Amino acid sequence: MAVDLSVRLGRLALKNPIATASGTFGYGLEFTPFVPLRTLGAISVKGLSLRPCFGNPPPRICEADAGMLNAIGLQNIGVDAFLAEKLPELHRLGATVIANVWGDTEDEYVAVVERIGADRRVAAIELNVSCPNVVKGGLIFGNNPQALGALVGRVRSATKLPLIVKLSPNVTDVSVTAKAAVDAGADILSLINTLVGLSIDIETRQPKIGFTTGGLSGPAIRPVAVRMVWEVRKALPKVPIFGIGGIETAEHVVEFLIAGADAVQVGTANFRDPTVSARLVDDLARWCAAHGVRRVSDLTGTLKTRPRPELRFG
Amino acid sequence: MPVNESLRVLRTVHYDPAHYSLFLSAGSIGPQTRPGQFAMLQAGEGFRPYLRRAFSVADVTKVAGVPALEFVVKAVGLGTGLLGRLSEGTPIPVLGPLGVPFPTDDLTREDRVALVAGGIGLAPLLLLSRELAARGVSADLFYGGRNETDVLKRADFERFLGPHRCRYATDDGSLGRKGLVTDLVTQALDGAVRWKRLFACGPLPMFRTLAAIVEKAALDASFALESEMACGFGVCLGCVAPTSDGRFATVCTEGPCVPPSAVDWSRV
Amino acid sequence: MAVDLSVRLGRLALKNPIATASGTFGYGLEFTPFVPLRTLGAISVKGLSLRPCFGNPPPRICEADAGMLNAIGLQNIGVDAFLAEKLPELHRLGATVIANVWGDTEDEYVAVVERIGADRRVAAIELNVSCPNVVKGGLIFGNNPQALGALVGRVRSATKLPLIVKLSPNVTDVSVTAKAAVDAGADILSLINTLVGLSIDIETRQPKIGFTTGGLSGPAIRPVAVRMVWEVRKALPKVPIFGIGGIETAEHVVEFLIAGADAVQVGTANFRDPTVSARLVDDLARWCAAHGVRRVSDLTGTLKTRPRPELRFG
Amino acid sequence: MPVNESLRVLRTVHYDPAHYSLFLSAGSIGPQTRPGQFAMLQAGEGFRPYLRRAFSVADVTKVAGVPALEFVVKAVGLGTGLLGRLSEGTPIPVLGPLGVPFPTDDLTREDRVALVAGGIGLAPLLLLSRELAARGVSADLFYGGRNETDVLKRADFERFLGPHRCRYATDDGSLGRKGLVTDLVTQALDGAVRWKRLFACGPLPMFRTLAAIVEKAALDASFALESEMACGFGVCLGCVAPTSDGRFATVCTEGPCVPPSAVDWSRV
């Protein structure tokens, strides 16, 4: 059976719902030995800032149960170097590029976005407002609806490209920040970023991560990510969503779609297996065919919940 | 060009409870591998461990006629423990060869070099010894460990480099000289010997001392660094080391083999 | 080397820091075939309500990566049956009993606590204000500092027993709810309860849990739990803490203590291995001896953080 | 009194890609186990799967003279897949025996009972057959599956109960009668046969039909239920089934063997 894998997230049309997550796919070009970039729905590149950023001192990563912690510190070559040295080759290879951007201040965010301007080689801009535990920026933007709204509003007026806002899961009610972002002009929402975690080397009594805390990613966080996608879908039924968090198999992709995602981003799994993203595209097509799903977009938001009893759990 | 392939366990040789050699079918990684490069191995099917583990290719050899990759491993935890218990024939996902190899292209039969190994740091120097021997480059090995059982693969080193070229040091004096391997190096440098280059792999303290030694002696050198790695090919940015020009460099792609002068040892 | 395992959490003195977590240890008596109850620091019993509660319709549990989801619905025999049928035997067996309680309203919480009164066979009362996704109660109390403060205040004046408040991790800033609980009279804090998650059976497109969402527990959540213990310890250095979340080994216990916990509670691990709690007591003593730690309480809050660079992560 | 012990794999017998028997050393669980009881097995060292899995004790027997527990398993996922691949000698954490067994104490040589198995539901009925045979209680077996390969352990059942006492039904008619096992039961009830009790284990649809049948026939019965279990001994409260008195009962401690009248089948 022929399966239509194409999906539309508002103005952003993707040939399939399998994208790769920022910070786990480099600038895309590192994966050319493993993945034909043109076969992917999209690739979100490492978070870009106005100036190059050296990131945090090591140790930056450690393993966790069914996942890992990281505190890279958003090391990147800067938006100008990206546009000059990486984007042309990505374009030549037919990659659908999402520019993930961040800044310490509203002005920096806006400046990065203006550098990209309306460059047609960039399919969409993804605002990372969800770097947890940041000394500046992050918490203020990511976990505070007012500040988030103000930031998104300014960025919105700085670009005509589809605007994705990537939300933090480290909040009491993700639908509140989601609404704030959308009301301020976000076209698409990405969720989730990493959960703030801490892991300790008990021999040295030091955090395993130099920054002390790190972002937890991988299969460990999938149930939380799927839940938040479902919550935001319920609160904002019309807003397209990238589901992110612990995706390793086509079944995981289907789970996110059923919960309410229109597409997904594969993150940490790219480290365990650099070929996984391309394989997920094939596996997803096979799964749909085997299950009589002609259009993958038909899966989105089809969760059948049972009536909720007036009971609590624990 | 790194390859992601599934390689089978051909044999596991245990030297002592803490050390073993893991031989995998060479696949298409073997022929490509240069001394100093490494591979990322997935241990176990489950999520323990979750990430792949990095291991230097210690030798490209044969097991019962079958082309093989040899890894010399020290069991320190989850992954290294598991990899040592795999039964013959088990397939393992392997990504390699990865990283910058030891610089050897310019070496000729006239040259003499030094190899300095500390503990499990012998691994990359074994494949290097094979290559140097094949190309007729003479090399002095200085290899230190806590005790005699810590000093592995001596027969192979001595076969490649000649027994008289191999000197050992142990903390307890159970093999070779009692003391640090770096003392052997200083001693040799005080003598007449002049090396075109010094290659080293070992623990951080050894690197620190050696970095000072080679700087003082204005000796060209290449160190094979270690760091915690998630991806092994430059995308997670997790494995960085501080550089003397104030940046952070990814050990997996800008290294693991780097000139010690490129590293800011004060920030390591 | 003789190791002193005893710990003090304010007025609550425990023979060792290994307690068991509510809802994962039944009423304690179910474990007598596996664990000598008197050897444990304490046992927190299944959440007690004023009247017996039947809980949620099945399915109530499913497996997750390095953990599980549950939505039991706080099924319990009710506080009166507990006092009459379980407590005497627990007391006879020398168990140190923590009564975990909950209600749908302030009045219900107070009523349960009054039933227990000053019963000396109960070492402490633990308020479960953190049942996520509850139709009534939970969210209001657990994730809202004002409502939490009001509740804790009323319960405080209803009992002289040491009062533990068990906090929800599903909040933007756990130190805020922690402060609210302590300001209102909490003696001790327990953290964390489960993270809200969702897992979907993609064949039926139904949630694997009848309640739709469930609480994620097990090793998957440990980094989040350790981080929150550390945050609360920083914010409230003098307040005793029970660390909870994904503990399976003595090394995990030590990690929580170093992060700032005075004692821990072992939860889901009791399902995988019913003997784990007693073994952790021995393993912890062995670990301390091997590491020259004479008093286990010396470990608490000894994390050595590195100076934090002005950098963000992701 | 349930025991938590580590039992070794004695042998694994694969019947077809989907079904196998796992034989473990009997430990101290074997002698204690009554028909209908189950055990919780941990599959694998890692966290995949994370929770133990529940399996009925299918037989308490011997493997090459060594006392053994037999589990008959259908591979449906992670844990059942892994348990089928364990090599001989592998130790597995086992908790058991657990749950309420089939009620058999009151049965005598004068009694005749019915056993109804659907698919993998044969497991608890096999050990029951052994006990009934030993005590001289006569029993009629009705065993249904999708096809012939689905109907396992026939030789053992026929040895215990007598070939003439064993009737089979398959969806495709490849073995015994074409159709549902419950049709065989109705047919027998329409005949002269009178049973003191009916014992059953199988999928939910079979239980539903059977519950109606035994109620209509005012026949005493015991069903071995299934449910997703985390602990297996009554503390997680995860395995509940709705009861006819409006409660939720833990299948692991109030069951798995229950009278069908105790279950509210409309809410299952």
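For clarity, chains are labelled A, B, C and D in written order, and residue numbers in each chain start from 1.
In the analysis below, a residue touches a chain if its C-beta (ideal position, glycine included) is under 8 Å from a C-beta of that chain, and two chains touch if they have at least 3 such contacts.
Since the model is a prediction, treat every value here as computed from it, not as a measurement.
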Discussion item. Under the document's definition of touching, what chains do subunit A and subunit D have as common neighbours?
Written reply: B, C
Fill in: Chain whose Cα centroid lies at the greatest distance from that of subunit A
D
Worksheet item: Cα centroid separation between subunit A and subunit C, in whole Å?
Response: 33
Worksheet item: Any idea how many Å lie between the Cα centroids of subunit B and subunit C?
Response: 47
Worksheet item: Distance-wise, how many Å sit between the C-alpha centres of subunit C and subunit D, to the nearest whole number?
Response: 37
Worksheet item: How many angstrom lie between the CA centroids of subunit B and subunit D, rounded to a whole number?
Response: 56
Item to complete: Quick one: which residues in subunit B touch 2 or more of the other chains?
Response: 47-48
Worksheet item: Which residues does subunit A have that touch at least 2 chains other than itself?
Response: 23, 55, 57, 60, 64-67, 70, 72, 219
Worksheet item: Which bits of subunit C are touching subunit D when the two form their complex?
Response: 23-26, 30-31, 33-34, 46, 54-55, 57-68, 70, 72, 75, 218-219, 268, 270-275
Worksheet item: For subunit D, which residues count as touching subunit C in their complex?
Response: 1-4, 42, 47-52, 93, 95, 227-231, 233-242, 246-248, 267
Fill in: Of all residues in subunit B, those that touch subunit D in their complex
44-48, 87
Fill in: Parts of subunit C lying in touch with subunit A, wherever the complex brings them together
22-23, 47, 53, 55-57, 60, 64-67, 69-74, 102, 104, 128, 130-138, 143, 170-173, 193-200, 202, 204-207, 210-216, 219-224, 226-227, 230, 246, 251, 254-255, 258-259, 302-306, 308-314
